[in-house]
Each structure stands twice: as C-alpha cells, then as structure tokens.
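Order of writing sets the chain letters: A, B, C and D. Residues in each chain are counted from 1.
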Amino acid sequence: MDMDMIKFVKNDKFAHFIGLKLITVEPGYAVVQMEVQPHHLNGVGFVQGGAIFTLADYAFAAASNSKGSATLGISANISFFRTPKGRILTAKAKEISSTNRLCSYNVDVLDEDNELIARLTATGYMKKDKV
Amino acid sequence: MDMDMIKFVKNDKFAHFIGLKLITVEPGYAVVQMEVQPHHLNGVGFVQGGAIFTLADYAFAAASNSKGSATLGISANISFFRTPKGRILTAKAKEISSTNRLCSYNVDVLDEDNELIARLTATGYMKKDKV
Amino acid sequence: MDMDMIKFVKNDKFAHFIGLKLITVEPGYAVVQMEVQPHHLNGVGFVQGGAIFTLADYAFAAASNSKGSATLGISANISFFRTPKGRILTAKAKEISSTNRLCSYNVDVLDEDNELIARLTATGYMKKDKV
Amino acid sequence: MDMDMIKFVKNDKFAHFIGLKLITVEPGYAVVQMEVQPHHLNGVGFVQGGAIFTLADYAFAAASNSKGSATLGISANISFFRTPKGRILTAKAKEISSTNRLCSYNVDVLDEDNELIARLTATGYMKKDKV
C-alpha cells in the first residue's frame, strides 16, 4: 500500500468538509462512511444526489490511489435506486479492471438496512507520477 | 414556471452548504455558479470531482423541477475534461428530451476562461405529484 | 416467467442477424452467447464495440422482459476492459434494482478464458402493458 | 486527415455487415447513416438499441481515428429518447474534448424528421501508435 498516496487521499478538503470517514483502505479496495446530517439533504428532505456521488467517488479515489499511481477520474456513471433509510451510508469501492493506464471501479452505496441505494461505475487514468 | 417547485429547489440544504448560487432558472434551463473555496479542493489542490458533480446536478434539478413535476435523478454520467482555471465555475443545464415521465438533460460546466471542464448527462423520472 | 414476453425477446431480428444465442432466461436473469465470426470484427481485427454492446444489451432485454412488463432501455453505460480471447463471448445479465417503474441491470461480458472484458449498466422503464 | 486510419475505419466488417454508410469524415467529426431494414428490428418492431449504439459508436470511431491516433473506446453512455420515424437514421459525432491521451465525443442520432432519438457520449484512449 502506498502511504504517500494515502496521505493525499486523507488530505481531501471537500471530503472533510462534508463529513466523510475513510474506514478501510487497501490497494484496489476502500470503504467510506457518511453519517447523514441536515446539511446533506435536498429541498424535499432526502440525501442529496451530490452528497451520495461524493461519498462513492471518494471511496473510488481512496481505492485507486492507494495502489500507488495518482489516478484521475475521467468519467463516472451513477444510478440511484431508492431513498436511503437510517443514519449511516456506506460506500464500498472495488477494482473491476486495471489495464495499461486505465482502471475501472464499482462502488456500491448501502444504507443502514444494508440495501443498495446507488451504484457508481468510475473510470480512472493512472498517471505515471505520484502527483 | 412553477414557483412551488422552485421553492423546493431553493431550499436545498446541501447546495447551500457547499456554496452554490442559482443564477438563472427557467422551465428546462438553469445556470448555477460556485466560487471555488479551499473547502472544495481535493488532496492535491484541485476542485474535487464531487463538488463539480454537485454543481452540475443542482443545475439539472433546478432546470427540471421548474417545469412543475418533482423530478428524481435516476442516473447520471459525468465526464471530466480538464482542471478548471479561475475562481468561478458555471454549470448550464438544458433539457435535451422529455417524453412520458422521463427526461434527459445536458449540463456543461465551464471555468472562468469559458473552457468546458466537465459535462453531465442526467436522466430524470418526473413524478405525477409535486412532492 | 412470462412466456408472451419471452416470445418477443426470441423474435428479435437484429439479435438473430448478428448471431446471438439465448442460453438461459429467468425473471431478472439471462445468459446470452455469441460465437465470434469475421463479420463481428472492426478494421483492426478485434470484436467491434457495437457487437459487444448488442450482446450485453440483449441479455438485459431478456432478463428484464421475462419478468412480464415490456421494458424500454432508457440509458446504458458500457465500459470496455480488454480485448477478448477465444471464440465464445458470454453476457450475464442480473437485476440490481427494481422500484416503481424503473429497473437497473448489471451485465458482465466474459471471454472464453472467463475474463471480464466489458460491463454494461442498463436502466429500463417498465411499461404497464406487455407491448 | 490521416488516410491510413481512415482505411482502418472503412475496413470495419461489423459496420458493413449491418449496413452503415460513412457519409462524412473529418478530423474530430463524422456523419454515418443507416437505412432501416427488417434485420435491424427488435421483437416488437422497433430499431434495436444495439443497432442504434453501433451506428453512433461507428461515427465516434470515424471521427476520432481520422485525427491520426488509433483510438480505443473505453466507456460510452447512451440515452434513448424516442422511437425513430422514417427510414434513415443519421449519427453525427463531434469532439468535445481532447487532452493528453484521452478524448471525449458527443454523438447525436437523428431520425428522418430530424428529431433527436438518442445521444451517445464516448470516452476514448488515443494510442501512441496507429495500430
């Protein structure tokens, strides 16, 4: 596991600002949690889609960068399935593929009932340098 | 334009929290801006992908809901093209298609040099009720 | 399993034309295979992306329609991971989520070495009528 | 315009097999047409989604490869908006962005009434070599 890259991941200001917690990080795998707060909600009282995307995308960033190459997100596709229940949302990112300088990750977002509420598929470009 | 729905859009807590400003809203069209602050940055000092997604997705929410039906985002695809320059990011959402209960929007995200830095394609489901 | 809907799936002219074989179909799950022929190749001798998409999308159509509602594909995201090896490509479609009139499927495309060569995420709209 | 790369594009067996016609090709731009035939239809008599994807994706391949680098499609997102009318479908691919080795294209698919029936967003990886 690349500790320099993990330092960059941990230094993510936006992730701190919205309250994301990095629970597990291994090369190609990461778990991130968010405790739902009033500031995460949209105008009708549900967790805002951008908050869910950010949670999932940060899990992707942690999983991919921990392999040692600075990885840029180049495209991502998110599907939203249902309104989450409970206070804790958990995103689990797992590498699907890594070839040449490209990688692909699946990120499942689960609510407190362990129901799948959203899924992100992210494609990254692994730079040769660390930063 | 549906003022009830716009009230819901304006009441989005997460959009306020991260500092998004609704500049223009018309049925099927919206412009949202974000002034880049330190809390929007990732661990290497660039605007975090989640902040860019949230900016674009909020423009989609404003444009779609202002038509009068509560619109749920069901899937979204974002491509990131380049690191933004300048302090202000602008997202412009425009309806591409609206048939039956489904709609599709294109959202361009521009930096202060008016360069396209990201593009979101969002698919929404228009509920029969307002909320 | 809805036999009327399966009849429609089996009557797909384009699937026949390019040589797709429906191996397994159950409500929410389907397996489709394609034996690679010269007419499936692109200009540099690899299986063309459109052929891979069609294989995966047909597995999605079989899995979703067999549940009994005519299901329209409204958006789909495909990622291509590697050049396939061997003669037989297999697509396995599985329902991820089904709520209200919307459904989401994951389709893995495997080559003869059982390597994952592409993944499709498809979102469908289930009509109230069969056709 | 790179004539070697265009030769590869023109030599696409699957595009020939399903009946695609390359109408215009310029670096970063291409138009492809398909005259709808019975073998393009699905089980309920509409143009099959895989045929529409292949049409759009081939326009992307023509537009991107004509710039001179062999371009691999790494991910693509397609949205389907309405059932096409008339006999001729036209796909117009246009470069949105090209940075480092990555490029992004928008492809609009129009029917004979010039209505937008689908849109593809494709991300490509430009190899250093021609093939």
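To be clear about the criterion, a contact is a pair of C-beta atoms (placed from the backbone, for glycine too) under 8 Å apart; a residue touches a chain by one contact, two chains touch by 3 or more.
Every value quoted in this text rests on a predicted model; they were computed, and no experiment measured them.
**Q** Same residues or different residues where subunit A meets subunit B? The copies count as same if more than half of the interface numbers are shared.
**A** same
**Q** Quick check: more C-beta contact pairs at B-C or at C-D?
**A** C-D
**Q** Per the centroid of Cα atoms for each chain, what is the distance between subunit B and subunit C, given in Å?
**A** 32
**Q** Provide the C-alpha centroid distance between subunit C and subunit D, rounded to the nearest whole angstrom.
**A** Subunit C and subunit D have C-alpha centres separated by 20 Å.
**Q** Two or more other chains touching the same residue: where does that happen in subunit D?
**A** Within subunit D, the residues that touch at least two other chains are 74-75, 77, 79, 104, 123.
**Q** Which residues of subunit D touch subunit B in the complex?
**A** 77, 79, 81-82, 96-97, 99, 104, 106, 116, 119, 121, 123
**Q** What does subunit A use to touch subunit B in their complex?
**A** Touching subunit B: residues 7-18, 38-44, 48-51, 53-55, 57-58, 61, 70, 72-80, 131 of subunit A.
**Q** Would you tell me which residues of subunit D are touching subunit A in their complex?
**A** Per the stated touch rule, the residues are 74-75, 77, 100-102, 104, 123, 125.
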